[in-house]
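Have a look at this one.
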Amino acid sequence: MSDETPNVTAPALPSSRKLITALAAIAMISGLLVAVTFQVTAPVIKKNQQEALERAIFQVLPEATVAANFQLEGGQLTALTAEQFADANVFAGFNAENQLVGVAMEGAARGYQDVVRILYAYDPAQEGILGFTVLQSSETPGIGDKVETDDAFLANFNPLDARLNEAGDALANPIITVKNGRKVNPWEIDGISGATITSTAVANALNESAATMLPTLMANQDALVAPKGTD
Amino acid sequence: MATDPRAPEPLSLATFTQGIWKENPVFVMLLGLCPVLAVTNTATNALAMGLATLFVLLCSGVLVSLLRKVIPKQVRIACYIIIIATFVTIVDYAIQAISLDLHRALGAFIQLIVVNCVILGRAESYASKNTVINAFVNALGMGVGFTLALLCLGVVREILGFGTLFAIELFGASFQPWAVFALPPGGFFALAGWLFLFAYIRKRRAAAQSEETHVA
Amino acid sequence: MSTAGHKVVLHTSPHLRETPSVKVIMRNVVWALLPIVAFSVYQFGISVLALTFVCVGTCIGVEHVACRLSGKQSTVNDWSVTITGLLLALTLPPGFPLWMAAVAAIAGVGIGKLFFGGLGYNIMNPALIGRAFAQAAFTAPMTTWVPIMAEDRFTQFIPSTLTLPFLRPESIQPWLASVAPDGFSGATPLALMKFEQVPTESLSLLLGSTAGSAGETSALLIMLCGAYLVYRRMMDVRITISILVVAALTTTVFYLINPDTYPGPLFMLCSGGMMLGAVFMATDMVASPVTPLGVWIYGGLIGFITIIIRLFGGLSEGIMYAILLANACSPLISSVTQPRRYGAPSKKGTG
Amino acid sequence: MSPDSHAFIFLNAFLINNFVLAMFLGLCPFLGVSGKVKTAWNMGLAVIFVMIVSSVCAFGINHLLVRYNLEFLRLICYIAVIASAVQLVEMFVKKFSPALFRTLGIFLPLITTNCAILGLALFQTNREYDFTQCLAFSLGAGAGFTLALVLMAGLREKLELADVPDTVTQAALSLMIAGLLSLTFMGFAGLGG
Amino acid sequence: MFDLLSFLRPSGTFSHGIHPAENKHYTAHMPIRRLPFAPELVLPLSQHFGAPSEAIVHPGQEVVRGEPIAKANGFMSVPLHAPATGRIKRIELMPTAKGPRTPSIILEVYPGDSQEVRYDFPRDYTTMEPADIVKAVQDTGLVGLGGAAFPTHVKLSPPKEHKVHTVLLNGCECEPFLTTDHRVMLEYPEDLIRGTKILMKALGAERAIIGTEENKMDAVAAIQAVLPADGSIEVRAVPTKYPQGAEKMLAKALMGVEIPSGSFPSSVGLGVFNVASTAELGALFPHSQGVIERVVTVTGPGIEKPGNYLVPIGTPIGFILDQLGFAGSANTLIMGGPMMGGSVSSLEVPMTKGSGGLLVLTEQILEQQHELSTHPCISCAQCLDACPMHLNPSQLGKLAYKHRYEDMQSDFHLMDCFECGCCSYVCPSGIPLVQYFRIAKSSLREQAARERAAAS
């Protein structure tokens, strides 16, 4: 043997049929167990996901009592059923009188550590952003997570100007973060000192999402109607 | 199992306790450290992770022990891994069903239980050679030991890093948390700290003992 | 005199030594640091004085107690831990709560030095480990800056300084409004540059009339104090030179590409902790390589990483992390740059 | 840099969210095989190699699983396929390059089933990377692992000659070094943002 | 340290090294004087590197000054000559500078004798064959007076494959305090030139360079006055720096070549000899005489009458101290210079052929330095910047501290260290690096010997 490893005589193999049978049996048992678990938990998980999403939507649109799912794609706004929430990217909130109180959409941008994903509420009537909630972030606890708790920062959103320009194809003014205490215009966000980077990430997420979504959304405003059959 | 050098162990209290102290998987054997450090930034996560691991340990231990006469030696590792992966998948779905937030906090680490050396190690070195009862008790001990270790870290890191314990605020709003303990370095520091503490205690005890024998 | 009764004392060669001892070197570094501390106290007032005392005191205390506990002779009299305390104080913001400074000192000396065996065995710069620990633990207070030359700085503490242990510092906004009514931006020159593209005049950087950590103010003064050590041959100036040169070169490349977004080399060298780091902290011999070529590589690495973090990282300042990283690399750097010994066979010959 | 760009994915796995120091993946080999710089290099190479193999495998399998709606079998399939793929490659290497096998071979069984490898597969699936992104990701993760491992080994070799207090065990020492490295790597946060 | 511009400076010396305080002012200006004979001389049979000489006298026998009293025991050995007229008293074990007691001839000096050298057989080197010269050099009992006491004739028979083209004469005397070679060059330049010619003849070399340091320009002038007209011998001053006198450094400084690790100078065509050895050769060879006395610098803060003395071989140190007076009640007595010399354990130890200096340091001076020895290595790299061999003493020291001798040898070239002491000298932590290295080397050598024994 050219190989340097000593030639150890392997113990006599049991017939390979036996090996394969054992493996296959184990695999079958496990496949079965997993499949059963999946069947049992799938609806619960889906319900959980839906609830989590709705909780977020109602958090940014506190006045809403009902939410409807829409998909904005290729200049079209399509209504989706409640079960199709995974495909939706626009969530409209309605109050008890079935009036539109606002639209929730997602935005994402690079923060201090990683991408910050937020869900923000837009009010077509005021053409402004009402607030946001963080869906996912790995910003530093105690610093970056202040964007959700800092009162001064949240005061930027009552509402934050996000008007479209005359032509209606872009934001009139880009949403930007300025250094703490320097805000002069209604479309500027007064950053949190010590967390400028996360503040900027929020602004960037808003700006990018608003700039791409709002022109089509506003053009298709009329499609935003409350889901039928809800009480 | 005539070829086996180690005869099945009789059931005793040690079967249970060795995993908790003398052979604690984290503090003594330094196994499965990834989840130990990754998900212990809060006590809740630590507990959940501990229980999930405990569950997988128990189930796989029992099943491996049950099947120990059936599984051929040559494919045993593959079989163990499949068994473990099965239970991990089950736990993964169960946690998603219980709480999405928890699932998000634990992230991929639930699924990574599959590769946790503690579990495969137990299956290979204990469950495959012992009776079902023994395997169960031993896995319980190991699992509890693992969970306790996770809690040791989780409690320290949550109290210092957030000023809370199981999400209950402990010190009032003006407490300044030490965020570093919620961050990755804090995990290493906390575990190093515990190991240092144990070594210190052991040394003190050894010193006291040698003094005793000296006097006697 | 007769040789009767003469005592013969045995000794091994070399029988004479003429170098300053570790103690003398360390003591001289303390002297060289004192003017910087004094200038900082002059600019920021008694808060920095208290900060210095707390840092130095805690550092000395920790080392003394640790030596006691492990039954060793106390090593505080070698002055090295005093340097750690002074440098730590210089790297903290002037209004940093004293209790947090003490925590930083404990972390720096405890896990940065004593854990590994004390003087000579630490793997990274203890003062910077203290600072990095504080930055990760107490990020907000670590990025709270105050203006220089506040009116009553010699009679009043900055409010955050005296925060009670374990509590958050109160907001210094009202105090700021009272001492700097015309609006203090609350940002260091680096942060101004990075986040708002507002450059600061080089002269103010050289003289140190800007906000920042206690010791990262006057580049000129730091260079002078460093020059004293270089003159006494107690500091490895090769490290300082390589850091500054590589940092300047890297900056220049980006500056030439786009002078509007990227600052110029002079700004980079004189702002932030660059000077203090390059002169006093990267030169800590314990955690730097020993080989001649290694020293240049080490310095170059620090200069380069600092600029990369400053220009493209999330933070406005990068010298601390750059030095710590280079410290971590230094055993590797040393081992791949072993000097070619006299009379070594040519590479081919060794086979 | 856009978060989806290959350069950023690489950089993120390499430095910013270093697999070992920030994500806590692959700690067992990290602590176990970091005693000597030379071993650390070889181990690092082996990890990079296995990561690429498993990343490619996982990408392929996930494709199939999604097509047949069998996502719930993902974990089991990943682990089985990665283990056998590495085994296959190992046999291949042993046959065609015994020299390479001698440097890498001993590490392969150690790493085929550890968190770093499986974690890589799971993360790339969660983040829905396409094929080339997967490659960038696995290269970055492997390089990050190697960097951390080699730095650690250098420092541990240095500390072998130190008078470390006797209450500081080898494990505590390694963890403390890892903690300090992790603290250091925080400086890369936000790089390329 | 931290020498930034070293690469800009003209060479003409080696790189690294140190500049210790020279302290040559005690004795540099003092002409060589004769010291009286001690009543009893102690002549160890092993004063040189190699096999000990074999006594050819018996107790009670009378000998005259210059007469051979021990013969060479093989090629790697030299004979011994009676330094004074007198009577052999005993042959017994006596303490030596190196420590262990070794067999020595004890000679009782006749106090009344004129002590003239009557042993004189003229011969002419110019007509001799090289092989005969080598034999004749061995008969003079000459060994390297530069410190190593390596038999000179052995160096005159290099391995066949090596052809020596240049003889280097080492007059650097880089050790602080010592002025022996300086005075010899100044006072006996003719002997030096004659010796040089003998060496060149024996080796078949075309050229010789006398190298000295820049602090001895008067010696350069003295030699220049007597240089042969054909230009085959030149004298050159190199920068004053320790250890310029090490042959490897001298070869680098004068010839710009490095002597490969583990090789003799002859492998690069050089032969290196100390100037005092050469002058001694020049004086003794034409008369077929043997080495019976040598110039010794007796100096140091502990000596009342420092100076350069012609001391008969075998004079006990105690006798010299009694003659010259000393300060303090506890001293360290160093055979050689402060950098490389060894301290002796007893006043009975005699001066031997290899000892060119006797340095007396008071206890206070040494105590002042003890304050240094307290710290671990702080990696200041001063030792790396000092080591003339470009080794890494810092790492070597750390490894030695952990007894990892094998790693020191295999990875950090311990065996290239020639124990010059530069690293210890500069270490601010006061680590006894050279001492560590000596222990490591001897431990490795012992182990190798054990292994050889086990193998055979």
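Order as written gives the chain letters A, B, C, D and E; numbering starts at 1 within each chain.
What we mean here is this: a residue touches a chain if its C-beta (ideal position, glycine included) is under 8 Å from a C-beta of that chain, and two chains touch if they have at least 3 such contacts.
Bear in mind the structure is a predicted one, so any value in this text is a computation, not a measurement.
**Student:** Chains in contact with chain A and with chain B: which ones?
**Tutor:** Chains touching both chain A and chain B: C, D.
**Student:** In contact with chain B and with chain C at once: which chains are those? Just list them.
**Tutor:** Under the touch definition, chain B and chain C have A, D as mutual neighbours.
**Student:** Name the most central chain, where centre means the mean of Cα atoms.
**Tutor:** C
**Student:** Please flag the chain sitting at the greatest distance from chain A, going by CA centroids.
**Tutor:** Ranked by distance of C-alpha centres from chain A, the top chain is E.
**Student:** Of the other chains, whose C-alpha centre is the longest way from the centre of chain C?
**Tutor:** Most distant chain from chain C: E.
**Student:** Which integer distance in Å separates the CA centroid of chain B from that of chain E?
**Tutor:** Centres of chain B and chain E (C-alpha means) sit 69 Å apart.
**Student:** Taking each chain's centre as its mean C-alpha position, how far apart are chain A and chain D in Å?
**Tutor:** Chain A and chain D have C-alpha centres separated by 29 Å.
**Student:** Using mean C-alpha positions as chain centres, tell me how far chain A is from chain E in Å, no decimals.
**Tutor:** Each chain reduced to its C-alpha mean, chain A and chain E end up 84 Å apart.
**Student:** Centroid from C-alpha atoms only, then distance chain B to chain D, rounded to Å. What do you get?
**Tutor:** 22
**Student:** Enumerate the residues of chain B that touch no fewer than two other chains.
**Tutor:** 78, 82, 85-86, 89, 93, 179-180, 183, 185-186, 189, 196
**Student:** Would you please write down the residue numbers of chain A that are in contact with two or more other chains?
**Tutor:** 30, 34, 37-38, 112-113, 140, 142-143, 197
**Student:** Would you give the residues of chain E that are in contact with at least 2 other chains, written as numbers and ranges?
**Tutor:** Residues 376 of chain E touch two or more partner chains.
**Student:** Which pairs of chains touch each other?
**Tutor:** Touching chain pairs, listed by label, are A-B, A-C, A-D, B-C, B-D, C-D, C-E, D-E.
**Student:** In the complex of these two chains, what residues of chain A are touching chain C?
**Tutor:** Against chain C, the touching part of chain A is residues 112-113, 140, 142-143, 179-181, 193-194, 196-197, 200.
**Student:** Quick check: in the complex, which residue numbers of chain C touch chain B?
**Tutor:** Going through chain C, the ones touching chain B are 100, 103, 111, 115, 133, 136-139, 163, 166-169.
**Student:** Which residues of chain D touch chain A in the complex?
**Tutor:** 3, 12, 16-17, 72-73, 76, 98, 189-190, 193
**Student:** Please name which positions on chain B make contact with chain D in the complex.
**Tutor:** Its residues touching chain D are 30-35, 37-38, 78, 81-82, 85-86, 88-89, 92-93, 108, 111-112, 114-117, 120, 180, 183-189, 191-192, 195-196, 199-200, 203.
**Student:** Taking the complex as given, what residues does chain B use to touch chain C?
**Tutor:** 171, 174-176, 178-181, 183, 185-186, 189, 196
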